[in-house]
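Each chain carries a letter (A, B, C, D, E and F) given by its place in the written order, and its residues are counted from 1.
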C-alpha cells in the first residue's frame, strides 16, 4: 500500500512542498510536475524522508530549460507517470 | 514620493510577503488585504524594515475571525484604503 | 493636495466566484465617490475577463457580480474594458467577434467592451492611479 | 498485477489557457490507452468548468482545448461532467438551464454534461483511480 | 457499487477563494449518499476552523456555518494537522468546537481515495 | 496625453500559467505605442530568463522567443532581482543574454505606474 504524491507548485513561491514532505510515508512516491519541477534545481532539494522515491516529469523539465542531466533527480515521461498511478494505491495532489 | 504595497496572499502559503519586504523603501505603506491579513496573526509578524507603515483591511480581518483588537497592527476600513491610494504616488500589488 | 478628485484605473485579473479579487475591486471602486474620486476605467485581464460573462447566473443569495459591474458603470460612468485576446480564447465573444468566428450568438455584451492592451496602457497614462486586483 | 486495464476518473480544477492543469490532464489521459487503461470520467470543478465553454476560440497556433476534450470523449468514450452549481454561477448553461433561467441560448453543449457533485463521488467509488489536476 | 473510503483534505484558507466551500460541499454530498468522507484540514486549511468568523466578501454561505452543521451529517470530528496549527501560532481553544488533531500521513494511508481542495 | 514611466514586474514562473506571457505582451504594447516600459523579473519571474527553454505545454509562443525579441522594441535590458536569482541557486551565466541586475526598491520608486504579473 503506497501513495503517489503529485506536486505542481514552485518550491520557492509556495509552501506546498514542505507540507507534502510532512505527509509522506515510507514507500511513497513523489512526482514533480508543472512548476513543481523547479524543486529539481539544486537549492530547492529538500531533506526528503528516507524511503521515498522522488522523480520529475521530463517534459515539464525540458520546456523550462531544466536539463534532466543537470538535476539530482530521475526524470520520467508521461508513460512513466501513468505507470506510477497504476502501481500505487492512491494519488494525492498538492497545489 | 512613496508607494503603497498591497498584498493578498497568506504569509504561510506563499512567499509574496518576503519578496515585498525586500522591495519596500522608507516611507512606504503596506496594506494587508484578503488572505494577506493572516500576516496579522502573531507568528507571521515579519521583521519589517524601519520606517514602513503596515496596516490590515478591517473587513477582511473580521470575516476571517481575526479580531482587530487581537492583532499587533492597525486596521483600516475601505475608506482608509482609498485614502492611502490617494496619498501615495503609486500602488504595487503582490500576489 | 488631493483637494481635487482623482481618476482611477483598475486592472482586474481574478476570476469571479473562485477568487476574492472581483469583490475587492468592486468594494474599492464603490468607495471612491465618497472621497471625491471616481473609477474611469476597469480593465479585465487574465482570468478576470470571465467577469464579463453575460449569462452569469449566481444563486439569489450570492452577489451578482455582472450586475454590480453594470451598476458601477452607471454610477461612475466608467469604461468596462475586456482584453480581446484573453476573452475570445476563453469563449467570451461580443457581437462582432461572434460573426467573425461563425458562432451563433454573443456571450459578452455592453457595457463591457472588447479592446486591446493598448487601452490598458492608455488608461495607465491618462488616469491618476492604477490599482491591480489579482487572484 | 495490473495485467488488467484500470479505469480512471480525473478531476480538473484549473481554468483553460491561464493554467497548465487542463493540458496536464489531457496529456495524462491521452497516455492511458497505451498501457491498457482508459479514462472513464472527467469531472470539471472550480474554475475547471471553463474548459466546457462552447465558444472557446483560441488562435490557430495554440491548442484547442475544447476540441481535445471532445476527441478524448470520442476515443475513450469518457463522460465529460461539469459541476452544475459552479458552471451556472459562471455563465455556462446547457439547453435546460438556459430555458430555466430565461437566457437566449446555451453556452455549454454535449458531450459536456452538467451534473451534481454526487456524480463525482460515484466516479470516485466506481473507478480504479482518481487523479486531480489543479491550478 | 464498491464502497471506498474517501478523504477530503482542505489545504486553502477560507474567504479569499472558493476552495473551502467546494471541499465542504464535496464532503456533504458524500454524506448525503450515505458514505460520509473523512474531512481533514491541513496547511492554511486550518484557518477555516478559527472560531468567530463571519460571512465573507465572496458573499457565500459562511463556511463556518457549514462547518458547524457537518456533524448532523455524520461528518465528525473536524480533523486538523497539529503542525499546521502550531506553525500559525494557533491553539485548539481558538478553533470552533468538534476539532481533533490527526496524523496526516497515517490518515492518507488509511483511505482509498484522496480529494484535495 | 501625459506620459508616465511604467514598470512591468513579472513575478511568476513561465509555462505553468499565462502570467509571463501576459506581462510580456503588456510591455510590447507599451513599446508599440512609443513608450517602452521598464521590464523587471523578480521572485519566480527570474525563471523566465533561464536559457534553453522550449515551447511549453500551454502551447503558446515560447516566452523565451518573445523575450529574445524585446530588444527590437527598445525594451532592454532584461532587469532581474539578484536576490531572487541567488535564492534559486542560479547565476547570470545560466540566463539568456541581455539580463542585468536591478535594485527592485529603487526601481519601483523611480516609476509612475507599476503593473504586476
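Everything below uses one rule, namely that a contact is a pair of C-beta atoms (placed from the backbone, for glycine too) under 8 Å apart; a residue touches a chain by one contact, two chains touch by 3 or more.
Heads up on the chains, UniProt names are A, B = tRNA 2-thiouridine synthesizing protein B; C, D = tRNA 2-thiouridine synthesizing protein D; E, F = tRNA 2-thiouridine synthesizing protein C.
All values derive from a computational prediction rather than experimental measurement.
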Query raised in the report: In this assembly, which chains make contact with chain A and also with chain D?
Result: E, F
Query - Touching chain B and also chain E, the following chains - result: A, C
Query raised in the report: If you average the CA atoms of chain A and of chain C, how far apart do the two points sit, in angstrom?
Result: 38
Report task. Using mean C-alpha positions as chain centres, tell me how far chain B is from chain C in Å, no decimals. Result -> 25
Query - chain A and chain F: spacing of chain centres that average the CA atoms, whole Å - result: 27
Requested in this report: Enumerate the residues of chain F that touch no fewer than two other chains.
Outcome: 15-18, 43, 56-57, 113-114, 116
Query raised in the report: In chain D, what residues contact two or more other chains?
Result: 17-18, 20, 24, 27, 46, 62, 85-86, 130, 132, 134-135
Report summary line: Contacts with two or more other chains occur in chain A at residues 8, 12-13, 15-16, 34-35, 59, 90-91, 93, 95
Query raised in the report: What are all the touching pairs of chains?
Result: A-B, A-D, A-E, A-F, B-C, B-E, B-F, C-D, C-E, C-F, D-E, D-F
Requested in this report: Give every residue of chain D touching chain F within the complex, in rising order.
Outcome: 17-20, 23-24, 27, 61-63, 135
Query - Contact footprint of chain C on chain D as seen in their complex - result: 15-18, 46-47, 50, 53-59, 62, 85-86, 88-93, 97-98, 101, 103-105, 107
Query - Residues on chain A engaged by chain E in the complex (per definition of touch) - result: 1, 3, 15-16, 19, 22-25, 89-95
**Report entry** chain E residues touching chain D - in the complex, by the definition given at the top
**Finding:** 1-4, 6, 18-19, 22, 25-26, 29-30, 32-33, 35, 113-116
Requested in this report: Under the touch definition given earlier, write down the residues of chain A that touch chain F in their complex.
Outcome: 8, 10, 12-13, 34-35, 38, 41-44, 59-60, 62-67
